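Per-chain numbering from 1; labels A, B and C assigned in written order.
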Amino acid sequence: MQLSRPLQVVGHLVLLIICLSILAPMLIVVSTAIKLPNEVYALSLWPDVPTLQNFAHLFEQTAFGRYTWNTAGTTALRVAGQLALGVLAAYAFARFTFRFRDAIFALVIGAMMIPQVLTMLPNYILMAQLGWFDTWWALVVPNLATPIAIFLLRQHMMSFPSELIDAAQMDGAGHWTTLWRVIVPNLGPALSALTIIIFIDSWNEYFWPLLVTESENSRTIQIGLREFLQDDQDDYGALMAGIIFASVPAIAVFLFFQRRVMDTFVSSGLKG
Amino acid sequence: MINLKKLCLSTSLALGLVSTLAGTMAIPANARAETEITFYHYQTGNFKALRALFDEFEAANPDIKVKDVFAQSRQITGVLQAALAADRPVDIATVIGKNISFFLNNTNAVDMVEASKGDTAWLEAYLPNFLDLGRSGDAIYAIPHAYGTPMIYYNKDIFEKAGLDPQTPPATWDAFLEMGTTIMDKTGMAGGAHLQASMGDYGTMVMVNNAGATYLNAAGTRAEFDTPDGIAALQNWQDMATSGMMPIASDKDWGTAFMAGQMGMYITSSAALRGFAAAAQDKFELGVANYPLFGDHPRRVSNSGAALMLYAPEGARREASMALLRFISQKPIANRWARESGYMPLVRDPLSDPDMKAYVDSFPLVAPVIAQMADTVPTNVWPAKGTLEAQTIIRAMLDELWAAERPAAEIVPEAVAAVNASLSPNF
Amino acid sequence: MLSPSTGATPNAVAPARRDGWLVSRLGADSALVPWLYLAPTLILLALFTYWPLLQTAYLSLVDWNMNPSQPTQFVGADNYGRVFGSTLFQTALLNTVIYIGASIPLKVLLPIPVAVFLWSLGTRGHFYRAILFLPTLISFVVVGVAFLWILNPIFGYAKQFFALAGYRLPNLLADPDAAIWVIIGISTWKVLGFNMLIYLAGLASINREYIEAMRMDGAGDLTIFRRLIWPLLTPTLMFVMISTIIFTMQQVFTPIDLMTEGGPSNSTTNLFYMIYQYSFVTFDVGGGAAGTMMLFALLMILALLQIRLFDRRAHYKQ
């Protein structure tokens, strides 16, 4: 679609302003990461003595490599697990009529509204009892049910044409085969969008990992970063170096996939 | 099976070592089997120094392992509360001073006097006023560990620019206000500020107590600073705002501005000394002075920071934990911790230790901190209920004071009454 | 169906029959089948969401701080009365409403024109997209620190910038009327790119031929937007609205904690932050639990409102 000329100019102008407002704080982050402690608080964006010592510091002082591995590993497991369980539950809601269906759907969606701060202490005690404390289990399993994924996937499955399903089942395919062979391959855009949502959620999670991890067995990047934030002893140089280190993979993944994600969106589209 | 073998091996090894170690560390034989104790802490920049203490202790006690668990200072109390509620192993816990009362009332902390089984000499090492925070009758539930005390930090370059003598920092609140105003008038830079709420209501507490008023009663259930002294101290804070010498901002803003060389004076914890010195290096000359006096009242500064509490259950873990506490309480070790961490020294007469003396000579900025040890009073502790409301009322009181639409004499009594109303469920 | 494109299918076919295939195919033995598909989700939700909810409900009615060896005392509605009566709760409730209210125009509606413009750019918009999505990928902690430096009232970048223009920037974070808008602004900054991406995905399902057809008929940009794009975007809008409200409730925690701690004069606190303070800062478990239950009630009301709205739409669809 071609917008009219004046609208195009306005659009580019507004977007450039927004982009600048996004890049300005990012610039501060990058410049602080290469500053020595006595320049961190100076306004100039390019330090007199640029340094990489903050990055070295990052690995000297914390097990940052391990933290990164824990974050990446649990995030991958969560994305896979949350999508799989979401697909299953959404299929049940979208394609079956059964007793209490609407009530149960309301309960599932209602769970979306229950803030995590509420469930944190009881869940912590449960983790301790299960022996999952300080393991990946504690980071992954309690998060596997994802109401928002169920909600979104159900919408998509409901608008999925029944003829295709009928045809598949005419050929003798059961529910299981139909779901994974016919429906899921066509959910690309929705699954991509959910992947991004879950990925970001898991990558940036802070409170729950803080409670249930205590060593490099399972500590995640976000906890590692806060080790540099302490009343009176903030080490902003290392914090900023850490965030760059932690974000580069995420940004790389996004830049690499955004085209593909967009293309799949373009070819089929995500509909609420 | 392997574990059992290991256990037997280590036990026999340990038995062999008993005779050699018994004289130095005096650990009862029942602590000989390999024991792991869990130490909760919030040290980040100082973690290496803390871990070095543990490593040295482990080397001297090969059958004890010290497991360190980190939680950020803002969250450590919540993490501890959860760990205790879930019955996870907690042997020694770093507890923020103002929360001690909560831990005493709601957890099963161990009395260290009782746990010492008559041999309490190790506790004598600490400055008696530092132990007061954890004292309850004859019992001691907390020992000092990561204490700070508020100091005046000042920028000597700015002093010079403003025509003030960089060797004469303000000794009183009147001088602080006057010099801050001079700095603002002469240089256009921010004059000075006093920390407020980075640790809840700590700033208000220090200012009021130092002016001879009583912030909270001993039980921590009633605010009592609506006296003439308390009101005068807070009126002074309002004057700092109205004079313009103190830009209205947050602790983080002030700290940042001070470190950037944009503010003349800033009063905050001695724990910030290291960071300030690093930020000032090659940029400006840093000065440190004692907390300003209010009128003719003697200096009374509440400690900030955290103490250690004991939770180890009776048996091997308790013995091992006590051994660690005794170890870190020895004067040379405690002093080394103070030097390497930047926290206040904790033991009596620290300068009689030659290493400490050498340190102060090489880093004279720390001398006023040591001088202020004797003026330290225990931080006020809050009860369990209504604390959040009370602290937010006090924070809002500061905002109203600085907005200066009414004098402190009107604002403070109202705030105190509101604080006491919100603390009333504790009776 | 309003949607002209059948979206998820590569080869669109005739309009869907609704339930026919199901009825004809379901045998008597398959009553169990949906439950099998639901079982993992339901078990996890029961265990990690609803059971803790019941425990919290219990904690809100007793005087107990979770010490296993301490007796619990039933106090009825005392905790509720105490929390509800405090000005802190009342301010937090009001602020929560402001946060949600402000987030609808800023976070839900504002990204729409941005997305439409990007969409009109086609593949040439990749550059913008990548930058717009950056804030989503960066941890809020760092964003908070960077903004604190920008906004530092003594010498921050913003102050210097405005000073060049001869304007004296007031200390926004110290002003009870302005601080909440700083937090709202920063959280908008954080979520804008994400919501824009979701809208772009929604826009992608719109058949561009319709637009060309409308343009041939002489329709302007605004008409196309009002008559075609907006109606087709409303399902996506519902989704963005729900996720944004949840985001606003929870994620805004970090900037509050880092930048204002709820102040000045409680002007930036919200219910979520208040509960955190009760439960994790002052360890008033009963107060925290009571606050949590009241927040839960508020969220359920919001959810019901949304479901009603959604149902109306669903009927309209059929």
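Just so it is clear, contacts are C-beta pairs under 8 Å (C-beta built on N, C-alpha and C of every residue); 3 or more make two chains touch, one makes a residue touch a chain.
This structure is a prediction, so every number in the text was calculated from the model and none was measured.
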Problem - B-C against A-C, pair bridged by the larger set of C-beta contacts - result: A-C
Practice task
Starting from the Cα centroid of chain C, hunt down the chain whose centroid lies farthest away.
Solution key: B
Problem - Mean-CA-position distance for chain B and chain A (Å) - result: 38
Fill in the blank from the handout: Cα centre of chain B to Cα centre of chain C, whole Å, reads 39
Practice task
Calculate how many whole Å lie between the centre of chain A and the centre of chain C, each centre taken as the average of the chain's C-alpha atoms.
Solution key: 15
Completion exercise
Residues of chain A that touch two or more other chains sit at 43, 120-121, 226, 229
Completion exercise
Residues of chain C that touch two or more other chains sit at 66, 149, 155, 279
Problem - Multi-partner residues of chain B (each touching 2 or more other chains) - result: 74-75, 78, 85, 87, 256, 260
Completion exercise
Touching chain C in the complex, chain A uses residues 1-4, 7-8, 11, 14-15, 18-19, 21-26, 28-29, 43, 85-86, 88-89, 91-93, 95-98, 101, 104, 106-123, 126, 141-142, 144-145, 147-148, 150-152, 155-156, 159-166, 169, 175, 186-187, 189-190, 193, 196-197, 200, 203-204, 206, 222, 225-226, 229, 236, 239-240, 243, 246-247, 250-251, 254-255, 258-259, 262, 265-272
Fill in the blank from the handout: chain C partner, complex, touching residues on chain B are 74-75, 77-78, 81, 84-85, 87, 99, 102, 105-108, 190, 197, 200, 247-250, 252-254, 256-257, 260, 262-263, 382, 384-389, 391-392, 395-396, 399-400, 422, 425
Fill in the blank from the handout: Listed in rising order, chain A residues that touch chain B in their complex are 37-43, 61, 120-121, 124-125, 127-129, 133, 210-211, 214-215, 226-235
Handout entry: Interfacial residue positions of chain B with respect to chain A in the complex
Key = 42, 44-48, 69-75, 78-79, 82, 85-88, 148, 198-199, 255-256, 259-261, 268-269, 271-272, 274-275, 278-283
Problem - Residue ranges of chain C in contact with chain A within the complex - result: 1, 3, 5-10, 12-14, 16-22, 25-26, 31, 33-35, 37-38, 40-42, 44-45, 47-53, 55-56, 66, 113-114, 117-120, 126, 128-143, 145-147, 149-150, 155, 157, 160, 189, 192-194, 197-198, 200-206, 208, 211-212, 220-221, 224, 234-240, 242-243, 246, 249-250, 254, 272, 275-276, 279, 285, 292, 295-296, 299-300, 302-303, 307
